[in-house]
C-alpha cells in the first residue's frame, strides 16, 4: 500500500508526521507528565512498548477481525499491553510508577496508538507496521524529551535530577505546573510550524 | 461463517486471550508489587520509630492508621501513625513516629503530597522543614513559628518552623500532626491499641 | 481641481478628536497620583521597578513589531507603557528587577503580541505577566516590606489582606485601620497602598469618559453586597465591605485593570455581567480561597468569558427581529 | 481457580458486548450512502477531530456531501486523500484548456490617479467609492484577483497590473469573480488576440485618463469587420475564429496597442 | 456537602482539561465553533455520567469481589467503548436530530482519555456510587465549561491578527495555559 | 419646551453659521448642462432624445420604465449635444444627456396646472408626481410616487415631514423652510391626501428655532403639528426620526409603511406641490455651497445638470487649500475628484475644505464607542471585522444589512478605522452574492 522505503517509513515519525508536533496527537500525556525528564522518558518508553507490540499483533491478525468489532478488539488488545506495562512498572520501578500515577493506564486511550492501528497496522504488513510504530514511538519520545527538558531545566534548574543551572538561577516554578505545560507546548508548536514554513518556502 | 457469528467469536476470543494473558502477568508481578507496597510502609515505620524490629497494625480508620513498633524482645518502642489530610492543593499523607508515651515525636516523614513543587512540596524537604520535627517534645500543643528560621535554636520549645511562602502547607502538616496525636492519645485511653492485630510482616 | 491633491475616502468626512494615543496617555496621567505615592512610600525600589517594567515592555513590543514587520508607530501609542506601569504597580516593592523584567516580557509577548498586538489580546497583559510571576516565583511575589513611612524596624511585613487571612486579624483586633488603607500607610504592592491616589485617578478616567462606568460600579456593588452579607451575619469573623474595598488590589483592579477595554466586553449588558462576576469571585477567593487576594485571578477568569459575553449580550438592533 | 476468574470475566464481558454489537448492527442500522462507509473505513479512525469534524465518520460524511476537502484529514496524509478522490470519482472530463486574461493595460504609469486614496486597500473597496484611478473601467492595482487565485497563478507585476502564469492557471474563474471591474475573462488557450481595454468612455476623455486606453478609432474593426466591431466606444471581438491571420498585422496597428497579440513579446523575441 | 465539594471541585478546581490535561485532543479539535463545542461538551458529560455508573458497577460487583483489580483497564475500556457504541446507534435510530447534535460526537469521546481517567480515579479514590456520579457529572460540566470558553475565545481570535505559525493549535494552547493560570485562583477553595 | 430625540447618535460640530442667514439665491442657468439619466434609487431612465434634438425647458428627456425609476426632464432649453456615458457623482459612469443652453428657457406646452389640487384624487396626485420625476430630496432619491402609493394592507396614518437637516454645514432645507413654508405645507397636505394619512408631523431640530416657530404657527390650518427635536446626528434618518417622534420601530428590513408612516423631506414636499399645482417637473433644486475652501458660501437654487465647476465659480471659486470636495453632507456625502460632475436631484450640497492633518489607523481597542453611538444599535466593530476576515454569514447575522451608513461609528472611533467603508464593502459583497444565487 505504502510506497515509502523502509527508511522513510521510520524517519517520517520523527518530524514530517511527528505525532505531537505535527499531528497533535497524544497531547494529554505529553502535557501531563513532562514536568520531569525522567517521567517523560518513562512515559515515552511505556507508550512505545504498547505501540510496537499492539502494532505487531494488530497487523498480524487484521484479516480475521470483522470491521464491526474492529475498534472493540483493538482496544482490548491495546489495553492488555497497557496493563502489562503498568504492572511491570509497578513491580520494577515503583517510584516512577507512583509519579506517573494513573497516566500509564491512559496510554490505552492515547490517540496515537489507536490512530496508528487504524491508519497503518490494519492495512500494512507486520514488518512495515513494526517500522512505522518504531518511528512514531521515537518521534513521541523525542517530543516528550524536548518538552520535559525545557520544563525541568527552567522549572527546577535540573536535568534528570542533576543541577544544571547555576545558583544565580531562580527556578520558574510555573514551568512544572499545568500552565507552564500549555504555554511551552504552544510556543514549541509555533516554532515547529515556523521552521516548517521556512523550509517549505525554501523548497 | 456468518458475519454475526464471526463478530461474536472474534471479540470473545480476543477477550479470553486478553484475560488469560493478564492473569499470567498478574501472577508474575503480584508478589513484587505487594512487596513494594509493604516495603514502603515498613521502611517508613522503621525510620520514624528507630529500633523497630517488627511492627503491627494496631488500629485503622479513615485517614488514620496506627502501627506499633517493637524491638527484638517484643517491647513496644513507639507508635507510627500514618495520617492523611488536606494541604494547599490536595491530600497530604505522612508518617509520624512517637515514643510509647506519646510525649515526644521521633521524626516525621511525608509519604505522599501534591503541594506546589518548590514551595509547599518543601514539607518533604529535610533541610527546611522535616529536621525541625526530630525529637520534638509534643506534650504541649505545637505551634508554628513565623517567619521561617534556619536552625533549631531559633525556635522555642513547642514551635515548628514554617516554609517561606507556604504557610498553608506548613500549617496543614502541623494541624494534621496535632490532631492525630490527640486521636492517638484518645485511642490509647480507650484501650483500642491492643496489639493482637495481625502482624505487618 | 484635478491638478491638486484630492482626498478620496468613504464617508464620513468628519472625525471626532479622540484617538487611541490620547486615551492611553489619559490613563497614564490618571496613574500619576498612584505612581507618586508609590515613589514616596518605596523610593528607589519603586523607581527601579517602574522603569525596568516599562523599558522591558517597550523593548519586547518593539521586537515583535520589528519581527512581524508592522509599523513602529504602535510602539508610541502608550499601551505598552500602561502595561509596564500597571505590571510594576502590582509587584511587591522588594521584588528584584530581573524578575520584574521577566514578568514584563511575558506580559508583552504571551499576554499581548502572540495574539496579534494591541486590541487583539483576550487576557489583560499586565495581569498575565503578574500571574506568571506569581506562579513562577511565589515566594518572591509574597515577600513584603513596609513602606518608608512605617516606623517599624522589621524586614518583612504582612499586607492588610495577608494579615486578615493568615493572622486571624479580625479576632485579634490587629486589622489595618481604614485610615491607613485610605492614605496608604500600609504594606503591599507598589500601586495598592494608597486608596486615595487610586480613587483620584479613577475619577479622572470616569470624567474623561475613558472607562466604562459600569465596570467599576458593578465590581464595587457585587463585592460590597457579597462581603456585606457575610459581615452583617457575623461581624466577629468577617470584615466590613469598606475594608475589602480599600484593601489590596481592589481599587487599582476595578479602575485600571478590569476596565481595559480590549479585554472587557464591548456591550453594556456584557459589561454588567463581567463586572458583577469579578466582584463576586474576588469575594469568594478572599473568603474561601487559598490566596489572600483574588483580584488578579478574578479579572483573568472573567476575561475568558468576554468573547462569549460579547457574542451573547449583543444589543437589540433597532427594529427588533429581522423581517423574512 | 485464580486463573479462571479473569479469563471468564473477560470472556463473558466480550461475549456480552459482541452480542450487543451484533444486535445493534442488525436492528439499529440506518441507511446511508455506502461511500460514507467506504471512506470512513479507510480513514485512520484516530477520531482526533483534527479535521475540524466530530471524528472520522463525521468527516467522511462531510467529504461525501462535498463539504470537506478531500485533503481534509491531516492524519491520513496523501494516501487517504488519494483514496477519497478515487472513491468519489472526482476526475474531471477533458475540457478545452482555458486561461484567464486581463483586459486592461492601465499600468501605474499609463493610468492617471484620481487623487490620494485613503480607504481600504482592496480593489473592491476602492471601486465602491468610484475607484482610485481616473478611468472608471480599468484595473485598480490592489490585487484582489491575486489574493483570490487559489493556484498561485497570479502575481502583481512591477507595472502594477496582475500577471497570469499561464502554466499554473486552471481556469477556475476565481479571479473573474474577484475583480470588481470584471477585467478578467477566460479565453481558450489557443486564442491569441484580445482587447486590452474595457473603457466605454469617449475616446477623447479616455485618452486623457489613460495612455493605453482604447479610443475607438476603428482601425481594427476596419481591418476585420466580420470579427471586430466598435461598441460603446470600445473595440469588441465578436468571433475570434473569424480573424484571418494575415489581418493581424493590420489589427496591430492600433495606436494605443489596446488590441493585439497576447504573446507579442514572446513571438517577436 | 461532600458531594457538592466533589462536584464543584471537578468543575472549577481540578478541571479535567486545565488541571489534569485530559481530553486535550477534542479540546483543541472541536473548539473552533461554539455550537459544536457545546454539543461536544454535553456529549462528554453524558458519556462521563454513564461511565461513572457503569465502571462503579463493574468495579464493585465484579472486579473487587474477585480481586481482579488489574483487569480495571481492560474491562473499563471495553465496557465503555461498547456501551457508547450501542448508545450511539440507538440514538441514531431513534432520534436523528439528537444524533446530529450529540451522537456524532460520541465515538470521538470513547477513545478519549478523560473518560478512562474518570473511571480509574473514581475507583482509586474509592468513591461511593453517589460520589462517583457527582464526580462524573461535575467533570463533564467542567470539560463543557472549558471547551465552550475556549471556543468563544477562538471564534474571537478568528478576527485577530495572530501570527501565522501560531494560528490554530499554537494559540489555543497558549490560551489554555493562561486559562489554567486563571483557574488557579480557585485553588484551596474546597478543602 | 421639551425636545424629542432617539438614543445614541453623535453631535459633530455644526458649522452652519456661514450660510444659515443667506437667503436662497437663484443661480443663472449655465451654458451647458449634463443631465444623468440615473439620479434616483432604481433603474436608469431610457433616453427620449438624440444628439441634435431641440429640447424645451422641463421637457421630458428620459422616461422611467420600471416602477423603481423616475423620469428626467430638461433643465434648460436648447440643443442636445450628446447622449453618452458621463461620470456620476457616485463615482461611476452612467448614460447622460448633454444640452447646450440657448439661454431662452423656452417652456414646453406639456405643463398641466391644477387649479384646486386638494380636490384631486390620490391617483391623480401620484400620477402628476410621477410625471414630474419627483424623487426624495433628502438623500436617498427614492422615487416619490412609489412612496405615495402605500400597499393596501398597510394603512398610513402619519406623514412625517423631515425638516431636521442634521448634517453639519448644510442649510438648504432650513432656508427652504423659512422661505417656502406655505408650499411645503401644501405639498405635505397633498402627500397626506395621496396616502390617506390622518395627520402631518413636521420634525425640526432645535438649532432651527426660527423655522420651527413659523411652522408651529402655520400648521394650525392643517391636521398635524410641528415638533422640536434635539440637535443630534442623525436625527433626520428615517427610522430614528420615526422613533424620536412616535416611539415606533420600523422592523428590520422593513419600510416606514410597515408602521403606517411616510417620511418626506421638506424639499420633496415643496416639489410635490410644484408638480401637482404647477405641473412643474423637478429640474432645479436648492443646494448649499459651503466649507472652508469655498470663497463665498451660499444657498443656491440650481438647475439639475449644472457642473460643480460653474456652481463653485458662481460662489467665488475654490481657495488654494481645497483638498476635499464632497457632494452632500460631511457625514454621508460622496467625495468627488473632478469639477465636471453635474448637480443631480439628490445633491443637497457642494462642500470643499482643506485636508485635515493625517491620522494613523490603530487596531480596534474594543472601546465600544461605535456601539454606544450607532443609531441602529449595531456592533460596527464586529461587522467590520467579519468583513475583513471574510465571514459574510456572520456579518449578516450581526445585522450588517441594517446599517444605514450614517457614519456615526467611524466618526467616533478613536482607532480611526474605516468602519463604514468596511461595512459598505460587506453589504456590497453580500448583496452581489445574493443576486448571483437568485437573480
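Letters A, B, C, D, E and F name the chains as they come in the text, with residue numbers starting at 1 for each one.
The definition used in the following text is that a contact is a pair of C-beta atoms (placed from the backbone, for glycine too) under 8 Å apart; a residue touches a chain by one contact, two chains touch by 3 or more.
The shown structure was predicted, so the numbers you read here are calculated from the model rather than taken from an experiment.
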Intersection of contact partners for chain D and chain F: C, E
Chains contacting each of chain C and chain F, listed by label: D, E
Steps needed, at minimum, to go from chain B to chain C via contacts: 1
Distance from chain B to chain A - Cα centre to Cα centre, in angstrom: 34
Whole-Å separation of chain centres (CA-atom averages), chain E against chain F: 59
Between chain E and chain D, distance of the C-alpha-averaged centres to the nearest whole Å: 43
Cα-centroid distance, chain A relative to chain C, in whole angstrom: 41
Per-residue multi-chain contacts in chain F, two or more chains: 334-335, 337-338, 363, 382, 418, 421, 424
Contacts with two or more other chains, residues of chain B listed in rising order: 7, 10-11, 14-15, 18-19, 22, 25-26, 88-89, 116, 119, 168
Residues of chain C touching at least two other chains: 5-10, 110, 114, 116-117, 120, 132, 135, 138, 290, 310
Interchain pairs in contact, sorted by label: A-B, A-C, A-D, A-E, B-C, B-D, B-E, C-D, C-E, C-F, D-E, D-F, E-F
Residues of chain F defined as touching chain D within the complex: 84-85, 87, 90-93, 334-335, 337-338, 418, 421-422, 424-425, 428-429
Touching residues (chain side chain C, partner chain D) in the complex: 5-10
Chain A - residues contacting chain D, complex: 1-2, 17, 22-25, 67-69, 71-72, 76, 111, 114-115, 118-120
Contacting residues of chain D [partner chain F, same complex]: 114-115, 119-120, 122, 124-125, 128-131, 134, 136, 200-202, 232-233
Chain C-touching residues of chain B, taken from the complex the two chains share: 88-89, 116, 119, 147, 164-165, 167-168
